[in-house]
Every structure is written in structure tokens, then in C-alpha cells.
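In order of appearance the chains are A, B, C, D, E and F, and numbering begins at 1 in each one.
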């Protein structure tokens, strides 16, 4: 029985091997990524059953997505869309610290997700429904799918988790803010950076922001500070976690990893301090290698970051 | 003063480094390609001034196209479209002999070309206008651009060259055939494979086909047999050229090279036998390396293929 | 419900990127391979449910094997052995035509397979049990596992398939011949090269050899001639299949592909001529790329080889 | 009409992909570099017309230089020398911080530049003439070319810019110092590191050094401190600019980028503070990727470094 | 005449090119490594004659080891073992700071070293015998070889050097400690990290530990603190050396380099302060590139680290 | 005691990884090559002691040459020239069959070889002196070195072997012919292609040519036909050898391998038929991989080519 259900668009990913303007990159690695499937992989790595639902093209990239997620132990419901190709991401690094991502996802298979692609019974049987605010920006049908999934989950008492994941290539801050404010009242767990939080509510300082967001509904508000750690407001209690020190290779996917870590520990019934620590550790692992999700940790890995001196294992 | 004007869509190209299903390809090279810009490069390499007109996105791939074509000595008129991205090609090889090309060009900058993007004065000042039947399949505005360009050229007495370049991903044989039959009467030089020729006219055997095509208007009909050479019907005379023997690495671009070789020698006033030989040699060079156009020959290279034993040049 | 059950050792595979002595190879790709899992993948690609059982180490290579086979749609029963590492293969090419494979599989997890690792109920529920004569050469316990699996299958009326797959690094021709002669009487389908067939029976010429082998029990005897095609003796009828013409990149895995093609078509109830053709086509695909199994065909691919001229698919 | 004219030697560049002694580097990328053409590219990227003049061999490397500079929008006057090859640079990294550059430029085409290769009319029509003190160290004829170009520029009131660019492989400090002291009186803008400045004048501290240099003629003295920023003395006013914080990949080309940034802003009529900031930003971009010039900024890029947190652009 | 004799196991090494879990590494470089041969190379690079003795398989990896060590100027006595393969190391990086090394060395050729493989006359003729505590953990015969070699050296007055090099994959701390305590009394120079030192003696703090170790016999005790430098206790005098600041790429081999630097300077008769500095510099160089030994310094390189600003050498 | 002495220039070699014009090659491998050191390696691989003498620069490339040749078991006398760099070769492939080699060897260390660099005692102690006609084209001093070496060998009764190895980049056919005709009378073994043979003597047909050459002095005349095999005229007897069938990757070095095979078998006292077969087999191996010498065979390899079907060795 699955514990977490998520859905969204997963794309083939061409990642440049070297830094500099993309047109000089020359060599690219083929992989894949998608905010929600990254979360599903992260939850599965940490020992919980996760299901990912989405549309892919009837093409090699769709097959790559299906095979990779299945290989990672995710329960994959990849619907094959005969009329649209799998979307693409091209990822470059203008400098080591300036990631540059381009999409070829307009009218892609993934963006054609509809409410009828989802399985209400599956959602009801899970303990968490996780969505991102990328999906409602993809198409009207995808937005409707998000709405219905949340409705099904709430009716069934399934916890609803939302990661803001603002994408300026898909909609404006005003459009995103409007949808988020409509939706946040139905959400139990909210993941956001400070800038993302301010799309929804206005408040000076991270703590005030978290409180303003919690006032709109979410029982758990997670504010992420990137390399500076994170903050959680749950049950009126504020917790802060210091970041792990790692050599950053590629920051894409860190937020998804953070959500996966938090949700996996919630599923595991971990205490709040440990849960926030796991979220931070997962985020730290995510930035240590180039892919969006490849370096996500297993339970046994979580201790590796605390004692780097023990790392040589020969 | 330019001698040849051409226009169409040029795309960024991700080419898989190894054979096998695309999802296992792992490593890709970034390059670019487009049937008409391949011809322009080929003509420029052989010593004639060529102009390429097209739309590209206001993005790194658009810059790559502009810089590369300019670097190759083509007179580039790359219009920057702020509202659409540069199109993409993904090229894999299912086996060494089965090229597998996927497009991400729907609503691309290149497909948004319009008649007003062209420069009638430039066309009138040239000696050849070269188009491919890819462009009319991209969009209504692009089709209109082809129609107008041909009209301008004919009025001005500029030779019109058309390469069929049938792309099944863009339109059906019936759609292509209909457009080609409408257009062929305004064409002076027609390049086609046997299968492509049969989209326009029906006849048993290559020679009968060539005659049937010539009866529709073109003064020069070139029928290409891939690794088996080519045939030309000009002024009622049939000429055949044997292929050069080369180790084929990637067949994409061979037809464009053939057209470039033929047109360059027409511009140079070469005699018909030599002109057909140059076309075949250019086609042979095109298949010897992975990119669509990188291995196109210069005049001095044309003799290299005849004496392979002399090739070690140290 | 699974249709084919197989088991054996699958290893991590370091494949040299260039030809020449292995010590100059410099660059290696990480992959995986195993005769039986190659067959399972091949059968799954052709649309039938296949289960692979085997031991892997509790290490990254074991995880790679598990994830990859699952991703390919094989029902994976990869037992994690805490006391032994996953075996390794190093594959080089002394020349383009001389494959050079080294093993690090002594006392590996895969070689520690035992009869109790198998699931008799699963074997009974399948339609085919496929084994190779690599497994009995790995260890006494593995040999016992093969013996018991065959016994279970025969009792339940499940068809038993055996591919000789002689490995000189594991045992001598005499040892192999002795085991094969003991076992062949319990086998329904036998796959062998001519040289392998002569480990079991002696006869001049391929056809006489096939008959001598059939006389020992197998209802279907398949004799493979590499790039020269194959022969089948079934029900007293000899069929020969011409090879497909492909550019060979790496011959390893061709025999496994052949078996997969044959078994998949047997499961599909195809007629014998088509079945042998499918076996040859699968073998042909296997040699077109570097990995042992990556290029195995799907049903839709099987037609690609017949019309190579149609291969450009853009 | 060109705004900046520069000339010098540009070479093909083999850059090692990994750190360590060059003999273990194994993999190399082919590119190109030259102090003056780096400046021309940098100025063109920032929106001003720049012309580069130089000799290249009648070989593939000469073609590479010509095509690349033209592709970058530089007005290229690459004279093809039939009697000498294009020079080479081999760039390794002994450690991440110790760049190791070797030349094969003795008697190269580039070193055979003569005064007659230059176009006095072109120099007179420009607003800036930029030279480096590499060129006078290449050959007697190249030294003469620098002398004459400066004379033409001064007579015509064209601003003369000189970057010291001391190369110990080409001449001794004494030789360089002698030439620099002869020349500095004819220079309007002088770019130097502290160590380079002391080849010309002696003074304790950077500010005193700048003043001593300015006393010799230059209206603008730029002293570069590498990762520590830079200082400008213009019209008796000293300005200091803090460095941008970037992850350094390859420091080669930073000085050329600095000069390009300064000169482009001088051409743009920017105020002195902004001009020095642009110089520093261009230098910062230059070190973020491996090539000497590939990562140079456009105007729109200049703001990227100030808000690194905004860098994720998906 | 050789100055230093050492022996042990050297293995082929597959090193992952990217960070992340090993199963996603994809690309590997082939090299080689072994603690004792690393020391021999390091000593040879610094100008002293070093002999390495060991068994390798009669295979390509054995040839690679022999050729590489000979090429590095080490006097190689690589015995070819026809019955066992050369051992393997697989080196990945879980994160940039977490090296992950796996062995395939059980029953390898190298582990089959015996006392009779050594040459007592050679040991007697040298000035230093260097061993590591890896060798006694490989096999009973290898342990016996170490014992006899030390006995020969002591009898002949040859200085005995021991690097603890604890490998948890080979034996437990208790097993290692027991052997080390038995052996340390016969040792003149002892190299250990703090944790390794505590396998032998118990004391709070590095200095107390060094004294406790020296009390067991060694005249020179070297305690290594990784990136924090090192400490030496010789003749009752404690010396500390600060680390060099370098960008770390791969920490494997740093300890071997340290030992090589120290022993080379001992052979050269350098004064103790310089000797410890050379050891630290060699260790610093070792971490600057990926291989275990490729970046080891020559005498002339030792000054490079002190003035990084001088590093650009073009 | 060495059996064969040879000398000449060995260079660092940058080899393009892909076919096509060199300026598009992008990725290069670093290696080394030199006609005479290739022969020395080939002879050493086949079991005979060979000495190579030459000058290299005091640089990384010189070290690479020294280490690699020593690693290959050649007795290396690489004189370090402080005043000149190691020469370079850049090797591209215009097509798979058209090798394109460029040199940077003018005034290189290798070209500065002098007669005094050689060791007459060493030559006298050997059984064969092998030279190529590249060396006399490098410089006057190198030409003098060849003259003196041959004189020493003849006086001492050491067999003199000469490979014509005509290099058009170094001298004209007339210059080469003049030197060859002066020298051939002092030569015992002559290696040449037909075209090279005609630089010395004129005759229609290969056999007549061989006889004309033998009439000038050489006891053994070897005429090489590339992929078509070879011919030997010794003691008035003509022998022809058919070529081995291999997939050609890079033809450079085939002639050197042929000479090495012949000379090694002469040293071994093999009968003439076998000797010519070994020469052909060595030549065949040389073309199977990219480097000039890496794939040269050992004795045990010589049988591999005869039974390609046995090549799978797992």
C-alpha cells in the first residue's frame, strides 16, 4: 500500500558538463527530473512507499522516465500520451553558482495531465498527498487535477503537502500568488523559500512570515534558506536547523530533497527536531552531485554528513 | 553581393555519441543543423557567397546558430524572435545505420518565419534562390514566405532551386504531394530521392520518374540514390554519377551537401559532368563525420576522395 | 503472473570505450550484464512477463542491478548477500573483432546462489524455466539450484530451456560436457553454437549435430552460427534463418538475445518460421551497440532491420 | 565603423581537462586564445565594434581562429600566412590554482606580423587602439608593427591602450622593461598588475606605483590585484573596486576581460566608477569557466553577479 | 644501488569521474594504486632510488602496473602470478569530501606475496625498508613476508619504516592493534594518524600519543592530522608543521605522499624541519588531482606551493 | 645486452577523437609517437631487447616519452635538451580513411640530435641498427648522426636496417631520393612502400622494383602494400604475404609495426616465411586501435588474428 501519492510533470534533462554560457557547453549528460518525482524518489530512498502519477510521451524519453523511476523503487503510473512528446529541460551553469535552466515543455505530454488521470482510490488509501505549484501552471486541465486531488485527499483525511516551487517561466508572481492564496487553506504542510512565501502573505522576517502563512491554514510551515538552513513552524513552535557543510555541485533539486526528507520522517513518525534535521540532510545531499535526485540519501547515509572525517572507507 | 539566398529553420542539435536506443545514449554533443543553412555552408565552403535568413530564439541556441553560421562565412540574417525559443533536434542512432531524429520545433522561433522577414531586394540581387519543402510544412506564415520568395525570384529571373526533403513528422505524404505539385512548375532545379519524386509524379524507374518531373517544369532534375550515387536530367540528357566510397558515420545532411555541391558548381559555371561529380563528392564528405555539415568540403578537398591511398599526409 | 523464470549471476560491467589492449583503454563505462538477466530483459521487451532471481552484494553494484532490471520491467528477485560483493566483468576489445572479458566473480554474491533461494511455486506457475550452463559452473550450491529448478519444472510440466553459454574461465570442456550430458535429457529447448553442441554430442556438420542433440531429449535444438545465421531442429524439421545485415559494435549478448527472441515468440505462440526470424533479429540488434542488452528490440523494432533504407526517421 | 582596433597573435589552445602534471592529463579540449582577440571579443560582447588583425597559418587552426572570432562578432582581419603554422598553447593545471601554459609559437604565423599588415586608415577611423606588450616580444617585425600603429593612432588622436601582459617565456624582465619605458609615454591607458607596473617604474605601494606610472604619460592607469580587485588612477583621482565573489575555474584571460570591460565602458561613455566596476565584473566572469574568453559577459549579464541568489532561473 | 626497498599489493584502480552514489557514476578512468608503490614513486620523484616488490596477475592489469611503475623510475620487481588475477580498487566519491573505495582483492595475486618473493640481499643493500600494515592483513604468507623483511633489515642495520594505513575492510581494529603492538618495537620510523596511533597505544592528545608510541621503540614518530598538518617526535623533540593550502580534489594517497616526502628527505640528509615540510608539501600535492600518486612532486615542484601567485607560467 | 639500437625523434601526440576537419574535433587524447620508438616498442613486445636514443625537451612531454618507453620495456636513452621543447604531432582524421597529421617539430629537441649523442660502443654491441629516413630530414646534425651510426654499424658487422618513411612535410621527393640513393648501398634491410621505393630506383611493377633496389645493396628488400599485404626479396627469392583481415581504426604506425615484426623475427632466427608473416601480423595489429603503437602484439597475440571466431574469451 502506498504511503505517499504525488503527480506532476517529469522531463528528460540535458545537463551541461561544464560551466560557462550554454552555447559553449559542448558535452551534455542525459538524465531526467521533475519536482514531484524527485520527492517520490527521496521518500522511497528513505524507506517509504511512494507513487508518482504523470503523463509522458510515447517516446524514448518517456521510457527513460518510466524505467528510472521504477528502478528507484517508486510506484510509477506513467500514462503514455500518443499525441505529445515528453518535455525537456536543458540545464547549464553560467557560473558555478548561476544555474540556467531552459524548458521545452509547452504542450508536452506532462502538461496534458487531467483530473481523470488520477486515481481517487489511490489517493484515499495513502497517508500523504504531495503536490507542487508547478502543476497548476502547466495547463488548465493540470490545474483542475490539482484541485480535485486536494479535494479528494481532504475529504479522506489524507494530509496535503504543497511545495511552492515558483517557476517564473510558467506564470507571473501575481498569477502564482492568486492560485496559492486560493489553495493554501486546504494545505496541511507548506514548503516555501522566503521569497515564495511572500507570494502568499506579507510579513517582515522569516518567523513573522511563517506565522502569517500558518494563519492561512497549514499546520506545518517550512521556510527554506538554501545554504543557510531552514525553519519550521508547527503547533506554534518555531524550530531552526543549521545547514550541513557540503561542497555544492548543483543546487537544483535541493528543495525537493528537503520536502522528501521531511515527509519521509513524518511518515516514520520521527520527532520534529529529527524530522527537520532529516529534511536538511536530504537537501544537503541533493547539492553534492550534478543530477537533480541521484545523490538523495538512504537512511544509512544520513549519518555520513556528521562525521566527514570518517568518509574514507577503504 | 550574395550569389545564393536561402531561408528556413535551423535548430540546436543534441547528437548522441553512441549507438543504441536513445534512452541509453548518456552523452550528447551540442551542435546545430537545418537543411537550408547546411546548403548555405556548403556553398560558402566551395567559394560562393550565400545568405541564410531565418528566425531564432532570443536564447543561447539562437546565439549559437548565429555565431556558427557567421563563422562559416555565411551571410546570416538571423532574426531574433523574443516570443519563441529556438527549435531543437535530438539525433540518435538506433543502430549504426538507423538514424533516429526527434524534433522540439512546434511553435519554435524558426517556424514563425513570415514573408515580411525576407528581403525581396536581396533575392532579386542573387543568382539562385534555394528553398526546401520543409519550410512550407512549418506554419502557414512560413508557407506564404516560400510562395512569395519564389514569386519574387521568378519575376526577377533568379534561378529557383527546391529540395524536397520530405519530413514525415511535419506533414503527410498527401499534404506534401499537394504542395509540391502546386509549386514544382515554378522551380528550375529539383532535388529529390526516388521516394520523394513519387510524391509529385508517378513513373516506373528513376529515369522515367525524372522525365515525368521535368515535364512539370524543372530544367534540372536531380534524383539521389543515397550510397548508390545520383542521376541528373538536364536539357533532355541523362547523366549518372557513381558514388564515392567512404566510411559512413552519419547520413544526415548528405542531401543538403549534394544540393550545395551542385549549386556551387552551377554558380561556378562548371560543366554538367563535373557539377554532378561535385554534388556526389560533397554528399560523400557529409556522411564521414557526425555533424550535419561540419565535414563539408572545400574546393581543395574535392580531390581527396579520388586517391584515398594518398591520404596519409604527414 | 510471470511467464518465464530464470536465475543466475548478474555482474557489474566495466566496458572499455576504445579498442586495443585493455591497459591502454583509459575510459570505461559502468553497466551490468548476466546471461540470464539479458534473456529476461529481452523477453520483457518483447512483451512477456519475466522473472529473474539471483544474489547480489549489499553494495552499489547490487543496487545498480536491481534498479536497472526493475526499470526494464523484469520482475526482480535480487537477494542481497551481506557477506559477498557483487561480481564484476571487465570488457575490452583487443581489436574491433576480438572481445576480451575478465571476471572478478570468484566467491561473489551471485555465485553463492542456492536451491533455497529459488521459489518452487513461482517456477510451477510459469510457462518456461530458462537456465544457462554458466550457473552450474559457479559453485556446488548453484549447480544444485539448477538441478532442483529443472526437477521442479519438469514435474510441473513447465518447459525447460537451456543455453550452453560455455565459459572457459569457469570450467574445462570436459567438466562442462559431463554436466551437459547429464542434464540435456531433462531439457526441452537447447541453445548452442556448433562448438558448444560438440561438448555434448559428436557429429559432422551442423544438421547431423542437431539431430544427435535432439536424440538426447530436447524437442527444440537451436544451433547458432553467429553472423552466419542459425538453424532450428523441431519435430524433425530443420529450418535455417539467414542473418540480418547490421554493423557489429559488440558481439557480447547476441546469444542471449537470440534465446530471448525465440522464447518470447514461443510464449506468443508464433509459428516456427517467424519464431526463428525473431530470434535472429533479436541477436542482430544485440550486436549493434556496446552494452550486452541495451539495444534489445521491442516488437515494433523487429521490422526496422528489414528496410534499412527507411531508417532515417525525421 | 569600428570603434576599437587591436592586433596580435592568437593561437590554437589545447586545454587539459583535469588537474595534475600535464603528462597525466590525457583529455584535452581544442579552443583558441590570444590576449588581444580576447579583448576584441570582450568589447564586442559589451556592444561595441571591434576589429582584430593578425596572421594565422593556412591550416585548420587558422580557420578555427577566423571562424570563431567572426562568430563572436569581431571584425576579423586574419591574414593567412602560407609559410608558417598557427601557433599553439597547451594549458594545464598543476593544481587547481597553478596554471601551466606552454607555447609552440616560435616562428609561428602570428609572430610574423609586420607593420604593413596593419591598415593605417582603419586605425585612424577608430576611437581606441589596443595593444599588448606580448606583440613586441614576438619578433622584430611585430615590434615594428606596434611602434607604427601607436604612431598612427597618436597622430590621429586615437586613444592608445596598452596592457603589459608580461610573458616570461618571451623575454626577460629587463628586455620588457626597456621596451615598456620607451613606449609608455605614447600610451593613454595602461593596464598592469603591480609586478608588471614595477617593470616600468619603482614605487612602494600600489597607489604610489600608479602615480609613478601616470607621471610617465598615461592618463588612465589601471592596477589589477587579481582576486583582490583593482585600482584606477585617472585625472589624479584614485578609485578602488572590490572584487566580485565567484568560484574560480581558470584564471587565464581575466586581465584581458578587465581591459575589455574598461574599454567598452569608455567607448560607452560610462562614468568612471561604473567603468571600473564593469572591468571587474568582466574579469570575474572570465575566471568562471575554462576557456580564455568563452564566459565573457554581455551587458545583460553584468547584473548577474550582484544577486547570486537569483541565479536559479527556471 | 637502491636506497629504499618496499613491497606490498598494487591494484588496478577504476576511479569514478563524478561525485554521487557509485551506481550513477557512469564514467571511470583506469589507473592503479597501492600504498607502498605510491611511496616508491614519491621517493623516486624526489630523486632517490626506490625498489618495489610485489605480485601481479599474468594479465593486462599486471602489465599496467609494471609499465607504469617502471615508467616512473621505480625499480620494479613485479612477480607474475599465473594463478590469480591482479586485485582491483573501485573509487567513488559519495560527495566531494566522502571518498568511497571498494576492493576486489581477495585471493588476488598481490595478496599471495610470500617471504620467498623478497630478496634479502637487496634489503640489506638498501638504506630504508618501508612497509605498511596493509600487507600483514592480506594473507598469512604476506604477514610472514613482512616479518622476515623486518628481521633482515634490522640485522643489517637498515632503517625500518612502517605506515599504519589501517584498512577496516581487511581486519578489525583489535587484529590490527595486536599485530602493530607486536611489530612496533622493531620499527625505526612510524607513520600514523591519531586514530591509527591509538590502535597501538593509549594517550590523551597527539603529543602524549607520540611519546607513548616512541616509548615502544620508534626513533621517529610522525602523527598526521590530514588537512591540519602533522607532528613529528624525534630524539625527544616535537616539531609541528602547518598544512599547505591547496584545493583538494581527492584525498587518497596523501598519507603515502607524506611518508615518501619524509623518507626522501631522510635519504637526502635534510635537516628535520625541512624534512617535515617536505612531507607536508608532498601530502598537499597528492590531494590536488584525482589519482593516488600522479601529482606527487619533484624537488623543483616543492617551492610551487609557497607562492601560488607566481603560478601562472606563461 | 641490447639486440637492436635505434634513434630518432619521438613527439607528443594530440589525437582527435572524432572524424571530420580538425577544427571541429574538440576532444583530443594525449599520447606519443615516433617511427623509431614505435619500432623499439614493437621489438620489445616480441621479446627482444631494444634501445632507443633521442633528445626530448626538459618538459612534461619529454617526461611522458621517457616514462612511456621505459614502461614498455625499451632501454631509453632520452637526452634532455634544456634549450628546445619536445616536438608535437597533431593527428586528425578528415574521414575515417584520410589521416591528417600536422607537426610542430621545427627546432624541436628531437631535431637537435647529433652524432655525439649516440654511443658507438652500444651500436657495436647490438645485432641490428635500425634507422628511418625521417631523421636525416630533421637537421644537418641529425643527418650526420645517421651517417655516423651506419658507418659504425657496418664496420662492426652490425646489420643495418632502413625504413624509408617518406615525410613530405620535411623534404621534397628529390631531396629524399638523393639522400636515399647515397645511403642505400650501406643498408642490409630496406623497408619501403612502392611509392617510396621509386624515390630510389625506377622499375615497373613491385617485383622489378624490389630487384632494382636489391641491386643497389640491400640483402633484404621489403615492399609494403598497406592493406594488400607485402612482398620480400631476400637471396633472390620473392615471397608474398597476404594481409590479415582486421577492422582498421588508424593506419598510422602500421609500417613501423611491420618493420618491428620483421626485425624481431630476424633476431629470433625465424624462417623467412614466418618472419614475413609476423611482419604482416604486427602491421595488422597496429591499425586496430587509435594510437601509433599501443596495439602492437606480443608473441602470444600473433595467433589471435588467424582464428577471429575464437576471439570471445570469457
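By our rule, a contact is a pair of C-beta atoms (placed from the backbone, for glycine too) under 8 Å apart; a residue touches a chain by one contact, two chains touch by 3 or more.
Computed from a predicted model, the values in this text were never measured in an experiment.
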item	value
Minimum number of chain-to-chain touching steps separating chain C from chain D	2
If a chain touches chain B and chain E alike, it appears here	A, C, D, F
Chain F against chain C, contact positions shared by both copies (same if over half, else different)	different
Separation of mean Cα positions, chain B and chain A [Å, integer]	44
Centre-of-Cα separation between chain F and chain E, whole angstrom	40
Centroid spacing, where centroids are CA-atom means, of chain A and chain F in whole angstrom	61
Touching two or more other chains - residues of chain D	21, 26, 29, 67, 102
Interchain contacts (touch definition) - all pairs	A-B, A-C, A-D, A-E, B-C, B-D, B-F, C-E, C-F, D-E, D-F, E-F
Contact footprint of chain B on chain F as seen in their complex	18-21, 24, 26, 89, 94-103, 167-169, 226, 251-252
Footprint of chain A on chain C - complex, ascending	66-68, 70-73
Chain A contact footprint on chain B (complex, rising order)	14, 21-23, 25-30, 59-61, 63-64, 67, 85, 88, 92, 100, 102, 104, 106-107
Chain B-touching residues of chain C, taken from the complex the two chains share	29, 246-247, 249, 285, 288-291, 294-295, 301, 304-305, 308-309, 311-314
